[in-house]
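Read through the structures below before going on.
Two complexes are shown next, each including subunit A; its partner changes from subunit B in the first to subunit C in the second.
Coming up: the complex of A and B.
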């Protein structure tokens, strides 16, 4: 007896199976991107009163974690940047085509880009600048176009896009996953169409490679090269549902699942685990960057190093924190290995125990984003009104007092709840892995480390907020 | 195609609602460097111009924050004051001072400050 298949649910299933369902999901986000560009470039340069900053830094991020928690990687499915696909298919006819370098076919390049992006976010205060936010959108579309024009489809999503890879990593907590309805059917599939694409030509059914430029109805396969019966994780799945349309045997399902099984069974590569570790520590840093302790650390570091150069100070803080996180993780994972009687390299130890960081990384970001989203969710109404009014549309007077979704005193308990749930999910992974080795204490050591990190995160979230763009105060202003 | 795009941008920009004229004013705070809590905002304007109303709206630079609004009251020739403006959070603030003259004409000034 197999579980429920969302692709066969009465209305939702019919919509998801529809050829243009992805386009329908992309279209609203494309319109949002256009409005964000317009307001970002031409609207008032005040972050809480500009559609670009409110939609990108408040609602996009808030809805993203919500969608991942209750459904799956919907925001990759609805990614408007993939609408560059039409122009790039045309451009590909004239441009030379390259293969993505083998050395970069992992998550290390994405890790580097993510660190660069987080540095840029803090250094240029992207959240406070509608103009820079608009340029970020332009840049994102531009890079998506360039990578897609010169490299195979899916390269951008899998190896370049920091946002997509953020979604991939966090969607390991999602309650749904693409799977084969009947894995046995895939064994006799002649073309593995879900991954290779399907072309129905006059001469019969072919894979995209076999068909070449031949005329026919084309159903592209998985852009990130996932073979449906072998999918054990949501990592790299954009939920584009190409597999569903490419499979001639209607053998693709989107099933509810218990994500804990993925964390226990999937064998993530080391680079994937490091991405999860990075996202936790980066999420922590992102929250820490909004409390007074962070500025005190920066002031202290400034005195110690004798510099007021914010780029240098930020680089040092990031390098120290992420370096400390990576080092401690290596140390604790190795210690847990030794305790369980396993002697292997520290990297392998991280690969084994580091999986526990996935739910914790989700909880860290979800807790932080939930705060911003819930405190300011209704601000989207007046900023949209104002942006549309700037376009000359009669939308009434914006009410700037619209803001919070829940009373302020609910926020911290909610964040505590999210982080404890994350810790609970992590402990399931850690003790599950410890049980596989029949050594409970090994899991306990890593759990103690995670508990300390969560306690630290809760302390950060409990601090009064300080929303400042400058790392150091001008001399004499305190 | 590009010509049409530019025309569209120009047409849309032309529809933008009019923002106020710049307000010539000096703004100071008591205490001079406000901290979290209430502070006095003093707005010195040209006493020859007769303003009928003045508002101060404080926004933080992070999206999603509720603005703090206050009505200034006249406190002498060319001087308007908000007695207790509520800087309710540490961080970067943008104060928008909006004044209206007798004909209803709007003047605005933006002041940025950091509340430690």
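Coming up: the complex of A and C.
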């Protein structure tokens, strides 16, 4: 297992090692983005029949979790927004350059942006508006361009992009990881080219900084500043494979792995753990917002607060739920610490036990996305036909009957199965951590907390859920 | 794993209702070889034909309990597939065109009956629509439009899903106990 390297696999390895492989992956998504923009702005403003809403809110998210589960962070690798690099490199010649503020070099800023994004998603019903979805794409490209133009490359991916950080966090469950083929070789590497970049000049091999503007063949290093032999987690890895091309010793591998080892061995920073915790509770909230129970809660709160302002109600519900989640997590982690005889701050306790949230967060989002993806999976065919027909291309008459091909008998069992697997993986992490301290009960306490959360999630997923972005109404509303 | 295997049939049997309200247009005609029934199912929201439905057509005696289910002589309800009245004729409908289903019912003789179209597409759920008819029908076909009403995922499925949570809990527990035993073994070995 240790010797198998996907970068050396027949065909796939050859493709991945090819200089333009990332561009080839980005190109289809760029075309999808253009078509989504066109249909979002100029197409029929009916979400289930518009390419912008169907591709972004049903298919992109569905394929994203699938790719993460079976391969890795492919969607960051194929991110079309990184194609702004060409224009920003040109713009950098004329624009002042800044360093990203030290205080923001963590995940807290991304956590805030993620909450903002989820709030906007609910408040403006982004899933129901092709026009707003198109503007979201424009905004995303615009921010990527601006951040990339004024700050070092990779800043946007690592510190700003909510979607990228969502992918980073979820890809901790991925079965592959970048690693050094021979870590000993890295000890004698003179330039750490995988992270510093490599420039082959007439005067010899140099790092990007040493070479400056000198002429030569350039191989950029890791955008998010990861040093290959020290990579213990997929966090912050965009799978751009710059490291592979920058390493002059061909010492970079993409190896299959058991993700459980990462959860047990990696020492995540507190902000990273909080991002995992947030993603679980936000995923739960995202699903809850689509079931009747949410509307009853909102009505109750509306009476209590004496307001019908949706933004206020949404903010209060989000703040209460995420605050409750964070508070309970702090409490349970501290209790587990005390039980295992460890006396440290609550933050450190969360850092130790909160790792268990990574598989659970993945399961929550994967279960939820699987539902939306499968309820509208075949719709992509007629919406693409329609969008292309709007462009004047001869693609035939859209067959909207495809929108009704829903494997409904499988939806709930699939979601249940995914959540079971998530809880199982979390139990591995929690009891593994408890084992490290030789105190089983401590792990049991946190596991009981997770058990309760998953039971709640199962209840939410069993409720009649809005089939956002599809032509169909919720199950249970026949 | 054994528990997981035992649970699997329950989970696979989980059912969800149709994804949208469904309109059923039923046409009843008298033919030489019995009663011809044609049912056209159309999604109310999507206006798309509903394909692949599992349908049955039944003729039941107008028992007072069955009539009590009906409002204005029409039946539109969900729940169990069993009618509270003797069924005198039934037939499975076959899809002959997208969203169109046909069957032939044996003629039960003249009289008043309740004609019911029963949908059991999604396991564990049944939804039906129907009305009182008088046989034999007029020479003109009898056309009746009904709505397959709201259904709910049975709460027992959620119960199964929650009960099944014991599986990951149990595996976690076994893992913990095994790892504990293993550690004790290592400690004992090191002491020895």
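The criterion applied here is as follows: the second predicted complex is superposed on the first by the 459 of 478 C-alpha atoms of A that agree within 3 Å, B and C clash if a C-alpha of one lies under 4 Å from a C-alpha of the other, contacts with A are read in each partner's own complex, and residues count from 1 in each chain.
The criterion applied here is as follows: a residue touches a chain if its C-beta (ideal position, glycine included) is under 8 Å from a C-beta of that chain, and two chains touch if they have at least 3 such contacts.
What you are looking at is a predicted structure, and each value in this text was computed from that prediction instead of being measured.
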**OP:** Considering only touches as defined above, state whether A:124 meets subunit B (first), subunit C (second), both or neither.
**Re:** neither
Original post:
Looking at the overlay, does A:454 come into contact with subunit B only (first), subunit C only (second), both, or neither?
Top reply: second
**OP:** Go through the superposed model and pick first if A:375 touches only subunit B, second if only subunit C, both, or neither.
**Re:** both
**OP:** Classify the contacts of A:108 with the two partner chains as first (subunit B alone), second (subunit C alone), both, or neither.
**Re:** neither
Subject >> Partner chain in contact with A:416 - subunit B first, subunit C second, else both or neither >> reply: second
**OP:** May I ask you to decide whether A:444 touches subunit B, subunit C, both, or neither, giving the answer as first, second, both or neither?
**Re:** second
Original post:
Touching A:428 in the superposition: subunit B (first), subunit C (second), both, neither?
Top reply: second
**OP:** Return first, second, both or neither, reflecting whether A:401 touches subunit B, subunit C, both chains, or no partner chain.
**Re:** both
Original post:
Once the complexes are superposed, what residues of subunit A are shared between the subunit B interface and the subunit C interface?
Top reply: 375, 400-401, 403-404, 464, 467, 470, 473-474, 477-478
Subject >> Of all residues in subunit A, those that touch subunit B in their complex >> reply: 38, 42, 44, 46-50, 53-54, 57-58, 125, 127-128, 292, 372-373, 375-377, 379, 389-392, 400-401, 403-404, 464-470, 473-474, 477-478
Subject >> Footprint of subunit A on subunit C - complex, ascending >> reply: 11-12, 14-22, 43, 45-46, 48-51, 78, 98, 122-123, 127, 148-153, 157-158, 161-162, 164-165, 167-169, 171-172, 175-177, 179-180, 183
**OP:** Using the touch definition up top, name the residues of subunit B that touch subunit A in the complex.
**Re:** 12-17, 19, 33, 36, 57, 59-67, 89-92, 94, 96, 114, 116
Original post:
Given the complex with subunit C, which residues does subunit A contribute to the contact?
Top reply: 375, 400-401, 403-404, 406, 408-409, 411-413, 416-417, 420-421, 423-424, 427-428, 430-432, 434-435, 438, 440, 443-444, 447, 451, 454-455, 458-459, 462, 464, 467, 470-478
